[in-house]
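The following blocks contain the structures, represented as structure tokens.
First subunit A sits with subunit B, and in the next complex the same chain sits with subunit C.
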Partner chain A sequence: MTDFSLILANLFSRKLRAILMLVAIFFAFLIFGVLAGVQNGFNNIGGSAGENRLVTINKINFTQPMPISYIERIRAVEGVARASYANWFGGYYQEGRNQIVTFAIDPEFYMDIYATDYKLSADQRAAFLADRSGLLVGQKLAERWGWKLGDRIPLSSNIYTNKNTGKQTWDFTIVGILEPAQENADTSVAFFHHAYFNESVTFGRDTAGWIVIETADKALNTDVSKRIDAMFANSPAETATDTEKAFNQAFVGQLGNITLIVTLVVGAAFATILMIVGNTMAMAVRERTKEIGVMKTLGFPSGRIFKMVLGESLLLAMLGGLPALGVSALLLEMMRKSVGFPGLALTLDFTALGIAIMLALGLLTGIIPAWNALRLNIVTALGRQ
Partner chain B sequence: MRILNQIIAVCTINLKSLPQRFWLSLSTVVAVAMVVTVLLSFLALAAGFKRTLDGTGSESIAIMLRDGSQQEVNSVVALDQVRLIGEAPGIVRKQDGNPLVSGELYVIVDGVRRSTGLKANLPLRGIGKDGAALRDGLTITQGRMFEPGSNEIVVGEGLIREFAGFDLGSEVRLGTGTWKVVGVFSMNGAVFESELWGDVAVVQSLFRRGSSFQTVRVRLETPEAIDLLRDYVAGEPRLKLEVFSEKGYFAGQSSNTVKLIQNAGWPLAIAMALGALAGALNTMYSSVASRSREIATLRCLGFGGFPSFVATLLESLVLAGIGGLIGSLGIFLFFDGFSTSTLGQGFTQIVFTVSLTPALVKQGIVLALIVGLIGGFFPALRAARLPIVSAYAQG
Partner chain C sequence: MTALISIQGGAKRFVKGRETITIFDHLDMTIEAGDFIAIMGPSGSGKTTLLNLLGGIDRATSGSITFAGQRLDQMSEGQLSAWRAANVGFIFQFYNLMPALNAARNVELPLLLTSLGGGERRKRVETALQIVGLAERAKHYPREMSGGQQQRVAIARAIVADPRMLLCDEPTGDLDRKTADEILSMLQLLNKEMGKTIIMVTHDPEAARYASRVLHLDKGRFVEQVAA
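This part shows the complex of A and B:
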């Protein structure tokens, strides 16, 4: 009989209790895994952002526009490789509740800058550039509404009015379907020509919502931001330039502190489980006092018994925790597919942290019982009722 | 009657012996308390947010937005449309016969959160000279109202609580202008307390909005007069506006956020409750095991199995109930009334206070008792069926 099979036999000497412990640990780590994945999703909202991508917004607030003429001046700034602009269209399809993330973009450069995110074939790119009312839709969006290349669809805006029709609706032809170029890219978006937008809106003409910049090198990011903001200082529309990642994360930050909630909840769940498991382990070892006494009489060294008791609690933590991490990874996978929230995944970092917590849990709950078992005197052990 | 006496006797013995199982019992209490704390913290957040939005607005104020814009921030209303609204039937007029109407502008500016130092979107509202008269429950708690035509602002109490730099007397830079904070207002905890107000003409000029507005606000003669106003707007082709009662407008806005918070809270609490249930079952099985001789003795003395069943179940319910109460009390003491803010549908921060209602406490206690009930039932069954001989043979 190896030590391992002894540990296993000890652990399952009371099957029901062992199973209950495992269930408790399983749920603790399931919560941990899922919340860690969600946290990772939020961290990753800025994650697909290129490292040398900057965003310039109006300094007042990102909902305030700036003159479109800024683009040419920004393109001339030293260190800027490419720059493009976009406007938030406030789009929806047929009904107000079918919101569609739609941007009016400068068609030439925007898709080039975002080539790391979206794949667009050369002929679809050419078709988009050639057709003013052309619309690029992301794969997920096309699947959701059953749209195909060549379809003519109306998109409405909850902000702008089309001066040609007096309505809030614009007609588009789908000329390209965007495939994700990387895993975290969100393809539930649509893009169309800024020129088409600009010529038909009743207000907000010749403005850009924000300008996106690709720097020649990420080391230049800070210098380029400073140069741009200095250029427009004391103008009617001052600017604030930051990396795209920082911009996206600041946006998410507006929802409130998610990290704090996750930490508190995991902490609460974890403290609870630790207590339950710790208590039960202590009890289980106490119940086996006589057995341990017998083992010691038979010549088992104290150190080996110490290791076996500690091994038992470690095994318990692992048996409960590892499957939970696996299940949470599967759950996250399902969530990612159904809600289309990229970045929902159990990363290596969080998996490692989870396993570290399991080890800590096993050690913390096992150490006192193991220490007691180590110091146990044979006479007392055998004498105890 | 005899069985009742037996039950009372066994329960008393059982509860009195609880201190002997102190640590194990405590673990159940704490586990259940944690579950209830997590559940109630989510539910109280949702309830606080809902209370703020539902508590905003009166039935006798009508607000109008451009048709299809859904949110104030998306809407555009022209000056001549505001004038046309002034001629509408069913609205309250001033002593001099002029309409009581306020065309308002809603622009988003940056603020800095006191707690984290991070930027957040705040609404700066330009209101007309009748704007204040069109807001029920408005009181200036410090300083005074802004002077029309000046770049002075008044600040909502909620906003001051959560965001830095808007204290009375301070100067703030919003957009291209510098504004002086001359007053603080309260409005019974309504959404407006999360706003900055200035004179609409000044906001129009400093944010280069020409003579355009985003909403029009009027007071209705009676809440029913809203239909007169709707008919008038529908019959006037120059008015492509949607008419809401103020109450209806805000009440519709809480549902998404509230659903989101609740949808996060319940599954978490249930997953934790399953963990706690494992703990409770454990505690109760151990309790039965440690009392097995006692139970067997009672059976020898002629007690039935049922009293043991009830006593075990009761012990479990008591432990879970105490846990539920501790959890609720913890939320009440440390979280209730806590002020925080999140992004509302208008794309700006809405400040609200966490509110723990009796209905929520009930939900928390019910969850705790369910854990106690299931956690006690199976061990109780074992206690009732305990074979006397083997109980003595053990240990």
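This part shows the complex of A and C:
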């Protein structure tokens, strides 16, 4: 027998109570782990953004278009290496619930700017440039629907109507499969020719939703942004230019303050668990007052008993919390694979934070019972029946 | 024989509100190594308080307590803990076993305070349980044993670290006559065969007959000393 086995025996001296406490702690840390992983996912949005990539949108907001003619003026700005444009298509496949992130793009430059994110063979690139109804699909998207090169598929829009058919559907031929060139690249997307889109929409022609710019050097980002926005100041469609990462995060920011949600949910769960576990630990130690008195009588020093009681609450927090972090990591892995959200993961930072919270929980709930055990008078304890 | 433990000018007073309650005052007592002492007396006479002082779990208001030349009254709490672990075995009226531990682990508890390895500890636990006749109940939990068996486990726990002195507070107070006699015979055996010095507080004159000396404590004073 060791002090540890003694702690373990005391912890499980009332099995049902110990199990209920462990379950409560497990679920608190499961919530923490999953929300932390989701937060990490949102934090990572824009993680693939190139450091020298800027995005220009309408100053009102990104749902308002800009004239497509802006592209040539922007390409002429000093410090701009390349620029391209795109529109949000609002795509889905067969049914509205099968949403597909689809962009109508300037085929010549857009994929070149994103060559750091996606790998596309020279043959497929050439096929895409040559076919106005060609569609590039990400690897994950192709795998999800079983698509392959040469397949003809219809994609519908929940925004635009095709004036040629009067319907909201466009037909495409898959000419390229995009493979990820880096870990954070999202391959559940699709791209097609802006010209194919532009010639057939019933409204919004000759406009771009956003313009993506590659600067000659990231040090030029601020100057280039200022020059572009100054160029279109006082025009009917003023612009706002920022780094791509800031743009992506601002987009996510519209969903609400994820950090605040995580903090509030975890905080509420944590505070509740703290009170339940703290009260139960205090009760458990109080019930063992006489046993602690006997241990002191046998010669166990007060400091050692203090450590044992504190160790018991720390062990409880760890036994409940560590498996929860493990399970949340597995859940996040499953979610990442099924929804294609690259940042969904329990990172080392959040794991360390989780363990730190477990330690805090153990210390906070154990410190008062441990202190009471430390100060317990033997004669008083033995007198308690 | 040589004195093992003695109390000189021992006093114990409690302050309750404005009142000071004296349990005993100017108490002198010497116990020789190998003695088996029974301390008797009416409730409130200070028997258990005296036992607590001799066991180093309470402190005298004044006076000195000496164990084999060491002054207990001058020791720190930590020193007293170490002294108890090395020199004293305690046996209580209600056994005071750890309900979460089986018999073997209860007996092993005092050995956690020694530097003995796991193998040696197991051997000592087996021996102690054999001495009290409970080797086959080693894996049983206190709730699975009778009062007499629990008290025998408590005796095994008290002797496992081979202390020089056993302090027993009403060790048969919760047992029937037959079981009480078995326990008392066992204590007598430990005294005679293993040389343990035993100080036993009891209300029971039958129990006191097993001791080699009986001290009567009344109103804080020894009123007579009887050779059993």
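In this section, the second predicted complex is superposed on the first by the 350 of 385 C-alpha atoms of A that agree within 3 Å, B and C clash if a C-alpha of one lies under 4 Å from a C-alpha of the other, contacts with A are read in each partner's own complex, and residues count from 1 in each chain.
Rule of thumb we're sticking to: a residue touches a chain if its C-beta (ideal position, glycine included) is under 8 Å from a C-beta of that chain, and two chains touch if they have at least 3 such contacts.
Quantities reported herein were computed from a predicted structural model and do not represent experimental measurements.
Looking at the shared chain after the overlay, A:Q64 reaches subunit B, while subunit C stays out of its contact range.
Legend: residue contacts after superposition of the two complexes on their common chain; A:T280 is shown touching subunit B, with no touch to subunit C. Of the two partner chains, subunit C is the only one touched by A:S302; subunit B is not. Look at A:Q94: by the touch rule set out above, it reaches neither subunit B nor subunit C.
Residue by residue along subunit A, subunit B and subunit C are tallied for touches, and B comes out ahead. In the superposed model, A:S156 makes contact with subunit B only, not with subunit C. When the two structures are aligned on the shared chain, A:T272 is found in touch with subunit B, with no touch to subunit C. Residue overlap on subunit A between its contacts with subunit B in one complex and with subunit C in the other: 385. Within the complex formed with subunit A, the residues of subunit B that make contact are 23-24, 27, 30-31, 34-35, 37-38, 68-71, 73-74, 76, 107-110, 116, 118-121, 174-176, 207-208, 212, 268, 271-272, 274-276, 278-279, 281-282, 285-286, 340-343, 347, 349, 395.
Subunit C meets subunit A in the complex at residues 52, 55, 57-58, 77-78, 81-86, 88, 90, 92, 94, 96, 98-101, 105, 108-110, 112-113, 121, 157.
The residues of subunit A lying in touch with subunit B in their complex are 16-17, 20-21, 23-24, 27-28, 30-31, 60-61, 63-64, 90, 96, 156, 158-159, 161, 168, 203, 236, 238, 250, 253-257, 265, 268-269, 271-273, 275-276, 279-280, 283, 385. Interface residues of subunit A facing subunit C in the complex, by the touch rule stated above, are 1-3, 6, 9-10, 12-13, 290-291, 294-302, 378-379, 382, 385.
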